[in-house]
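One chain, chain A, appears in both complexes that follow, with chain B as partner in the first and chain C in the second.
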Partner chain A sequence: MALNLGCTAKPGNARDNKTGSWRVFKPEFIREKCTQCGMCTIVCPEGCISPDEDEFPVPDYDYCKGCGLCAEECPSEAIEMKKEEK
Partner chain B sequence: MEGSHAVARAVTMCRPQVIAAYPITPQTHIVEALAEIVANCELDADYITVESEFSALSACLGASAAGSRVYSATTSQGLALMFEVCFNVAGMRQPVVMSIVNRALGAPLSIWNDHQDSISLRDSGWMQFYAEDNQEATDLHYIAYKVAEDHRVLLPSFVCFDGFILSHTYEPVDMLNQEQADSYLPPFKPYHRLDADDPISFGLFASPDYYQEFRYENDQALRSAQDVVASCGREFGEMFGRDYSGLVEAYRLDDADTAIVAMGSLCGTVKDAIDELRDAGKKVGLLKIRSFRPFPAEEIKSALSGVSRVAVLDKNISLGSKGAACLEIRDALYGSQIPVLGYVLALGGRDVRKKDIAAIVDNAEKGRGDIFYGLREELLK
Partner chain C sequence: MTDKPCNLFDVGHRACGGCAAALAAKLILEAAGKNTIVVSATGCMEVFSTPYPETAWGVPWIHSLFENNSAVASGVVASLKKQGRTEKVIALGGDGATVDIGMLCISGAFERGTDFTYICYDNEAYMNTGIQRSGATPYDASTTTSPAGKCSFGNPRPKKDLPAILAAHGAPYVATASVAYPADFKKKVEKAVNIPGPCYIQVHAPCCTGWGFEGEKTIAIGKLAIETGLWVNYEMENGEVTRVKKVRRKPVEDYLTEQKRFRHLFRPKKNDGEIAKIQQIADRNAEKYGTDIVLKK
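And now, the complex of A and B:
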C-alpha cells in the first residue's frame, strides 16, 4: 500500500494490505504431527495456507490474522497458537 | 444586489459543472437562483435535486471524483447532516467549494446567525474563509476554487458569510464579467479522477500502519495552503483591484493598546466602533480573521505583537470551554504575556451594536474576559 493522495488505489491491490500485522496469536505448524489432510487449508478464512513442495501446509504470515481456526479444526493437533511478541 | 443572488452570480461565473444542494433557510435564495440560472441555460451544469444535505454533498463528492468542478451550499442543521461526508471529501482531497450561510445550530431551533455551524467542522480538513460583506463573499468564491484546485493544496473549501446579515442584505457588489472570471479561474484540472478505462478507487481502507501518515499529509496540505491562499488572493487584487493576500486584515492596529479579533460581518460594526473610540482617544484596532482554516498563527502573532491586550469576539462556543477563535489566538500568542480575553456573543442572531463593542473594550481594559457578553441576567434564575 502506498500513501496515494486522496487515499486512492488501482483495482486488485488488496494484497498490498499485509493484514498479518493484526495478529496476536501466531499458529505454529508441527510437521511431525501433520498428516497432510488439508483441513487447515480449507478452513482458513484468509486462504493463506498452502502446501509446500513436500505437501506440508505452510501459512503466509503476511496475511495470517491469527484467528486460530486452523488450530481448532486440525484433527491431529498439529497446530499450536503461540502469543507473538512484537 | 441581494447577497445570496450576488453569490449565485459569482458561482455561475466559476462555471461549476455539477451543482447539488438542498434548500435551507437562509441559504435558499442561492440555490433557487442557481436552479433558475441552469434552467435558463445561462450555465451548462447538471443541477441534481436531492432529498437531503447528506445526499447533496455525497453527489458532489462523486462528481468531483469524476473530474467535475462542483458546488453546494448549506447552513446549520444541513451542514450538521453533512458531517460524515465532509470528512470524506477532505480525506479524498476533492476540491469541493461550498457556501456556508452561517446560522445557529439547534436546539433550541434558531434560523438566525452565528458561527456555530462551520466552526463545528473546523477539524474536518476543509478550508474556511469568512466574509465581512457581500463584495468579499462573492470574491472569495473565485479565490476558494483557485486555491482548492491548486495541485499543491487539493482540499475542499467553505466560503462562510453571515445568514440574513449578509445573505438577505442588498448592497452594491462589483461583479466580474465572464471573461474576467475565466482569466482568473482556468478550467478544473483534476489530479486524478474516476475513469472506466483506467479504474481507480478513492477513500480506501488504511490499516494502523498507514492511517496516521494519511492524516499527517492532510494536515500538511492544509498548513501549506496558507501560501497558496496568499498568492491567489494577491493575484485577484492585481487583476481586479481588491487585494485578498492577507489571511488576516488589520484595521487601525499599528499603535493600538487594545486589539479586537473578529470574523465575518461583525468586523464592519467593529470598524465603525473603533473610529468612534479613536475619536474619544482610545487606541483600539481590529484584526479580522479572513481565513480560519488554514489558521495563520504566525501572521496573527506578528500582527498582535505590539498590543497590550487582545479581545476576541466569538460567535460560537465550545460548550464547557471557550470560543474557537479565543482558544486559537491564545495558542498563537502562547509565551508572549499578552492577555487574551474571550467574549462569546451574538449567538442565535442577537444583534451587536457599536455600543456593545465599546462595552467590550471597557471590559477588556479592566481585565474582565472569558465571558458570555450581553447575557440577559433577568432571564437567568
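And now, the complex of A and C:
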C-alpha cells in the first residue's frame, strides 16, 4: 500500500468500514414504548443512532455492531435484541 | 444515512461491540468540540480508530509513541501558541500508556505547566496486546501476566494512584470519571479543556473482552464499580478534593462476580480471605473520599 506524506488520512473515512456486518443480534426499536429520552443515543459506542423526522431514535444498521448496550440501558425497554436473519 | 457529515468521532471504527473506550472517545469530542487537536498513544483506542488509511477522527489527530505522548502534545501546544491559535489540545492514552510507559513525559509536561488536558481511559490492563497487567490493574484481577492459579490469586498489587501523583505536580484540575455517567464525564472534559494549565482526567472504561463480561453490560459494570466503592468519581481543584459522587454502598462481591477476571475468587470454592481484602480497599476508598451516603436517623 502506498503511504501518503506523513501517513495522513481524510477525516472520518473509517465510514468505508461497514461494521454492521459484525452483527449477530439486531436491535429493534419499538416506537410505541419509546419516550425519546435519548439514552440509547448517548450510550451507543458507535455513535450510530440518530433521530428520524419524528425525533424517534434510529440506528444506522450499516454500522450497528449489535452490542446490545442501547437495549440494556433503555429505561423504557423500548429496544429488543433479535437474532439477525441474514 | 451514510452521506451524513462525519461525527467528530465517527462510525466505522473497529472497537469490540460495547467498548467503553470507543464510547469515551465519542463523549470526549462531544464535550471538547471541533476546535480540538488530539494526540494519542498506542493502544486499543488508537488501533481501532485508525487502521491506516482509515480514521474515525473528525478532528486533527496525531499518533505518538507510548513514551512521548505528552511531549508531542507539548510541542503542538507550543506551536499553536507561537501561531496565536486557540485550539484545545487533548492527549489520550490507555492505562498502560499513562500510568506506566508515558509517566516520564506526562510528569515533564505537568511540571512545565503545559496548557493541555491529558485523558487516560482506564481499562485496567494492556488490552490491545492481550490483557497484560499494568500499574492500574486492580488487586487480584487475573491477567495474562498475573494469571490466577495454584500459587497466585491474580494481580498482587493495588492500583497506582496517578490522580494523586499529578495533583502533587500542582495541576489545577484533576478528576476521575466513568463512562457509566456520561453527562458527568462530559462536564469534566469541558471543564478541563477550559482551565488553563495541565489538567488530568482518568475515566473508568470497562472492557468486555479483557474483563470477561458481555458488551451490553459495559455501563452496568461501570456503575457497580462505583456503587461498591472500588472506583470513586471525584474532582480535585488545586490539590483539594472538591466534589465526590456519593453512593449507597453495595458489597464488592456484586461487582466481582460479574467478571471472569475475578472468577477464581469464587471457583472452585469461594475465597473469603481475598474477597475481604478487596472489601477493605473499597472501605478505605469510602472513608478517604467520604463517599458513603449517611442516612439521617
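Basically, the second predicted complex is superposed on the first by the 74 of 86 C-alpha atoms of A that agree within 3 Å, B and C clash if a C-alpha of one lies under 4 Å from a C-alpha of the other, contacts with A are read in each partner's own complex, and residues count from 1 in each chain.
Definition applied: contacts are C-beta pairs under 8 Å (C-beta built on N, C-alpha and C of every residue); 3 or more make two chains touch, one makes a residue touch a chain.
Computed from a prediction, not measured in an experiment: that's the story for all the values here.
Q: By the touch definition at the top of the document, which applies to A:Pro45: first (chain B), second (chain C), both, or neither?
A: The answer is second: A:Pro45 touches chain C but not chain B.
Q: Between chain B and chain C, whom does A:Ile30 touch in the aligned arrangement: first, second, both, or neither?
A: Neither partner.
Q: Between chain B (first) and chain C (second), which, if any, makes contact with A:Gly66: first, second, both or neither?
A: second
Q: Given the touch rule stated above, what does A:Leu5 touch, chain B (first), chain C (second), both, or neither?
A: first
Q: Compare chain B and chain C by how many residues of chain A each one touches, and report the one with more.
A: Of chain B and chain C, the partner in contact with more residues of chain A is C.
Q: Taking the superposition on A as described, I'd like to know which of chain B and chain C A:Ser21 touches: first, second, both or neither.
A: A:Ser21: touches chain B, not chain C.
Q: Mind sorting out which residues of chain A both chain B and chain C touch, each in its own complex?
A: Of chain A, residues 1, 3, 7, 9-11, 17-19, 22 contact chain B in one complex and chain C in the other.
Q: Going by the contact rule set out above, which residues of chain B touch chain A in the complex?
A: The contact residues of chain B facing chain A are 91-94, 154, 191-192, 199-210, 213-214, 217.
Q: Please give the residue numbers of chain A that touch chain C in the complex, ascending.
A: The contact residues of chain A facing chain C are 1, 3-4, 7, 9-19, 22, 42-48, 50, 60, 62-63, 65-69, 71-73, 81.
Q: What residues on chain A touch chain B, complex-wise?
A: That would be residues 1, 3, 5-11, 17-19, 21-22 of chain A.
Q: Show which residues of chain C lie in contact with chain A when the two form their complex.
A: Its residues touching chain A are 1-2, 4, 6-7, 9-15, 17-20, 22-23, 26, 49-50, 52-59, 182-183, 214-220.
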